[in-house]
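Chain naming follows the written order as A, B, C and D, and within any one chain the residues start at number 1.
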Amino acid sequence: MGQKEKSAHVVTSAKKEHDKHESEHHELGFVRKYIFSQDHKVIGIQYGITSLLFLLFGFSLMMIMRWQLAYPGQEFPWKWLADFMGQANMPGGIMLPEFYNQLGAMHGTIMVFLGVVPLAVGAFGNYVVPLQIGTIDMAFPKLNMTSYWVYFLGGVTMLVSFAMPGGAANSGWTSYAPLSVIATTGQTVWLIGMVFLITSSLLGSINFIVTIIQLRVKGLTFMRLPFFVWAQFVTSFLLLLAFPPLEAAGVLQLMDRLAGTSFFLPSGLVVSGQPLAVSGGGSPLLWQHLFWFLAHPEVYVLILPAMGIVAEIIANNTRKPLWGYKSLVYSAIFLGFMSFIVWAHHMFLTGMGTTISTFFQTTTMIISIPSVIILTALLLSLWGGSIRFTTPMLFALAFLPMFAIGGLTGLPLGLAPPDIHLHDTYYVIGHFHYVVAPGTIFALFAGIYFWYPKVTGRKMNELLGKIHFWTSLVFINGVFMPMFIQGLAGVSRRLYDGGAQYAHAQGVLQWNEFMSTSAWLLGLAQIPFVINFFWSIRKGKKVEANHWDATTLDWACTTSPPLAHGNFKVVPEVHRGPYDYSHQGAQSDFLPQNQPGEA
Amino acid sequence: MREILGLPMDVSTHGPVIDNMIVIIHWLMLVLFVGWGIYFLYTLFRFRKKRNPKANPEGVKNHFSTYVEIGVAVFEGFLLVGLAIPVWSNVVTDFPSGKDVVNVRVVAEQFAWNIHYPGADGVFGRRDIHLVTSENPLGLDRTDPAAKDDITTINVLHLPINKPVLIQLSSKDVIHSFGIPLLRVKQDAIPGHNVPIKFIATTTSADISKQLDRVYRIAPGHIPVQLTNLSAKAEYVDKDGNSILAVGETITRDAIDAALSAGITEIRAGSDNPVEIACAQLCGLGHYRMRGAVTLETEAEFNAWLAEEASYLDY
Amino acid sequence: MDASSPEAIKKQVRSYIVVFVALMGLTIVTVAVSTFHLSVAAAVIIALAVAIVKASLVAGVFMHLISEKKLIYATLALTAIFFIVLMILPTSHQLDPIVQ
Amino acid sequence: MEIPYTIHPRPDTGVYNAKLGVWLFLASEVMLFGALFSSYVLLRIGSDSWPHGYSILDWKIATFNTVVLISSSVTMVMSWASLMLKDFKKYKLYMGLTILCAFIFLAVKAFEYNTKFGHHLYPSTNTFLAIYFTITGLHGLHVIGGIFVNSYLWGPGSKMWKTQPERFTNRVEVAGLYWHFVDLVWIFLFPVLYLL
């Protein structure tokens, strides 16, 4: 798209109908306004609340698992909770291995598909993107509503699966066949839930791409888009093109489970001493290829919006433009592109010859370069700034070294020989939690503190925010740092007793208690956040519309902009790049994008 | 660095190369992290609002960061071309053959490792899934002449040191992963596939056991040791000089109780079976206990063991 | 020329008829070729070649791809690349396993 | 305020929203069927023996169905062209024919499935039949989806022609893009499953 874009006028024919529609808007009932709303802001908030609850739920599952890991086979201390989970799962308060596996699989699934992605894309994307590109809503509001409710349905399906005979899915979030094909009914429900979630993501991503391409206001060229919008744009393409193969795989697995086909079952299987009565001829690796074809791009879906949020907050709180905006954008695009051709680095040990492993090792090393460039650009953006340590900024800053640890530990995994030792050990768990938990989750916290005033007109309490930050930072490292130690010692992941059986694990077992305690303390550390979050809705300090003195268009409209296409009273026009802070000779230290003139 | 990383003892010939790579990459990671970390902390201090109330929109002008990025890329290129690709190619090609090779077949199942030696004739006997029973988990057809002398075990893998080993790995039901951390071996066992693995072990289990021991804290109601084959590495006596645990003696619950009542809270012990097969791929509810014991021994000991096992076969 | 003028549309309609005839003809060709029972490789190549020609006709003329905007081309090019990746890489793993 | 570019193309991109949207949707559909074709290739290459489609399936009836589906594609594009020529009657006729063809296609498909079941050939019989039933089943679902959309545009949805003719024409164009895609998938399915 050229720099000089032709003018993008609001269509005149729309004006004629304007009045008619205006009257309609005032008559929306409560249900149409807040439940089946078609307004991107309400939908964004719906996504936000739902996904935060799922995050909390996914975390709770993990806090329960961590009890078993710290004190294998010991009775659960809270009898009511053990009873709540049922005699079939925790007889006498002692967790069964079957149940541990359910919790693990559901923790992974919920965190990724029901927690982080809906929060990062559904909530932040929905609320902020239309505002940042100066438009009144998403391109397809009905579709937007549908994608939220399909997501909701997917979430309910996943929750219901716990009530199935044999409980929820228990074959890991990766659902490797044949294990998942011979698993209990929960797996079928998991697959159906996934089909809902995939559908929701597909609808959402189409909406985002069309919105960003078509609805940018006049003057907002691609190279003037805030980096956050770019991140969402690339993310949407990943969702659009990577999810369908998983959908196909899900259909195939459903067929295997329900119609007796053997897409993923080779001939000659013997399960529990009995030859399995299927036709055979399938391939277990086919599932892995289709799964990782999605799941690798998916991890960049987790990180790109996070990087976008961090970039916005850093520019705002250093009071200077981002360093190397263009290289950030090109890196994000390149990252998105490459993420489609690295997936088999999760499969190095499935029996790869030299040629194919060379291909995937090479692409994996190549994909680390754009991440390095993005991180470097963000780090260099700090130089020369006038840094304000607000709560959102603290979380955004912490993201940098935390993501660095996660990213750097991806390097040994990306080369096949070290992966022999590290594959499927706690090292991998440590690697990806550093990128998703203190990485992405911190960025999401940053985003919540940052955009909260836009949504509610009030600010979250800074003191509680800082308590939340520092305690979380300490404890989250307490959870995940020892994982590298255990992993290097060779302790496998997904072990019900945390490795207590193994001689080679004895030297690092004592960390389990430490990690679990840290996880529970991390849970406590969220209390100030939850209190702050709800208390501030009514009691927080009132602030003006552009509280952070920010430049992008989301701050140019009023606080909690009116619903029903009412974001902007006048359609704004953009005259400059996204981060015109501390402009030489300007009176204030920031120039909003819609401010005309040179300075 | 190797010690800091806490990599387990390495008892195979190809292991040191892998460890080296791990060490080199961690050096790279450390340099990058510490380098940028210092810059990061300094910047936060130097450009905080109090000290620098007005930002300078120009920012960094020099190309230092570009050189760092190029440096990282070049180093990764070196790791890839210089180490990863040749090492991997070495691992997955040139499988040994001939009389000198120890051939073993390993068939994983929920939740055990079935070990199959070809016996004196060096030929694996026929297997048939319809013959699978709990006594014959491999479905070995003992009427096949080649199968008559075949030796099978469950979760017990004996191997000689200093001899090339060739394992044929497969699975009966779901995907497992055949991991032996101390040998730096790991390979997914995939049903329908048959994957070869090769390695040469360098140290006997007995020697490893001598070198590997650690102190276990013991406390009432909290016995850290789930291992049955953990034995004391020092002499423990009570006040009266009666022995609670002698060197090499297996630690039992009773022994722990006795030690505790004698005021002993720490015991130095080591595993008799320090080399283990650890299933690394989620394979069901018993995944966590899908553990096999590897006994590395001298060739003479190995042959003696084979002979003993063969003597149990009635053919 | 205005692509939505009645004359232009009428001209397009004629091209639809031509394409329809061509598609029918090509269908007969694939079916006819398959009765020769060629070797698998040859049969696959011919069948796919014919299918690609037919698909291009549908996409090009019925879906107006020949006169579509750059934006759509870019989207489809991206999709085509990943489609090819999806077709090639899993199978090449299957063809390059660890063997003795 | 209204969402811009719902009817007229945005000048710099040259497309209206729904058109871009449907092309993106089709891109995801390409990946969906791509994954299934990829599975087909991988399973076939990995198998010891693979039956010829024509030895199990009825290629004659499938040829007939190919003709039906291609015809429906032509009538679909003709219905759009009729709207462009402001001939609503003809639109109704062509759209009606499109829907009719879709029903014929489904009826034939149902008959085909039924004969297979009658001969005790099920998805679980072998991998070839598994993939045959799965892909054609999924394709059939797409046909059903198309019937819903087209019937809406033929019946209740066509009221829009009176109030917003341009928008209605756009809708028919977009539905057409989807329908041609369904045809396009069949163009590959037919030789791959029946003739090879």
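Quick note on the criterion: contacts are C-beta pairs under 8 Å (C-beta built on N, C-alpha and C of every residue); 3 or more make two chains touch, one makes a residue touch a chain.
Please read these numbers as outputs of a predicted model, since none were measured by experiment.
Engineer: Any idea which chain sits dead centre by C-alpha averages?
Structural biologist: So the chain nearest the centre of the shown protein is A.
Engineer: Where the CA atoms of chain A average out and where those of chain C average out, how many Å apart are those spots?
Structural biologist: Taking the mean C-alpha position of each chain, the two centres sit 37 Å apart.
Engineer: Between chain A and chain D, what is the separation of their C-alpha centroids in Å?
Structural biologist: Spacing between the chain centres: roughly 34 Å.
Engineer: Starting from the mean Cα coordinates of chain B and chain C, work out the distance between those two points in Å.
Structural biologist: 51
Engineer: If you look at chain C, which of its residues touch at least two other chains?
Structural biologist: 71, 78-79, 82, 86, 90, 94, 97-99
Engineer: Would you give the residues of chain A that are in contact with at least 2 other chains, written as numbers and ranges?
Structural biologist: Each of 213, 241, 245, 283, 285-286, 289-290, 293, 350-354 in chain A touches at least two other chains.
Engineer: Could you pull out the residues of chain B that touch at least 2 other chains?
Structural biologist: Residues 92, 193, 195.
Engineer: Just spell out which pairs of chains touch, all of them.
Structural biologist: Touching chain pairs, listed by label, come out as A-B, A-C, A-D, B-C, C-D.
Engineer: Considering only the defined contacts, which chain D positions touch chain C in the complex?
Structural biologist: 13-15, 19-20, 23-24, 27, 30-31, 34-35, 37-38, 41-42, 45-46, 54, 59, 63, 66-67, 70-71, 73-74, 76-78, 81, 84-85, 176-177, 180-181, 183-184, 187-188, 190-192, 195-196
Engineer: Quick one: in the complex, what on chain B touches chain C?
Structural biologist: Contacts found on chain B: 92, 95, 97, 166, 193, 195-196.
Engineer: Which residues, counting only chain C, touch chain D once they are in their complex?
Structural biologist: 4, 6, 9-10, 12-13, 16-17, 19-20, 23-24, 27, 30-31, 34, 40, 43-44, 47-48, 50-51, 54-55, 58-59, 62-63, 69-72, 75-76, 78-80, 82-83, 86-87, 90-91, 94-95
Engineer: Which of the residues in chain A end up touching chain B in this complex?
Structural biologist: Residues 72, 96-98, 101, 170-172, 174, 176, 178-179, 182, 265-276, 283-285, 318-321, 323, 349-354, 357-358, 361-362, 365, 368-369, 372-373, 376, 379-389, 397, 400-401, 404-405, 408-409, 411-412, 415-418, 420-425, 485, 488-490, 492-497, 499-504, 506-510, 581-584, 589.
Engineer: Within the complex, which stretch of chain A touches chain C?
Structural biologist: 213, 237, 241, 245, 283, 285-286, 289-290, 293, 340-341, 344, 347, 350-356, 359
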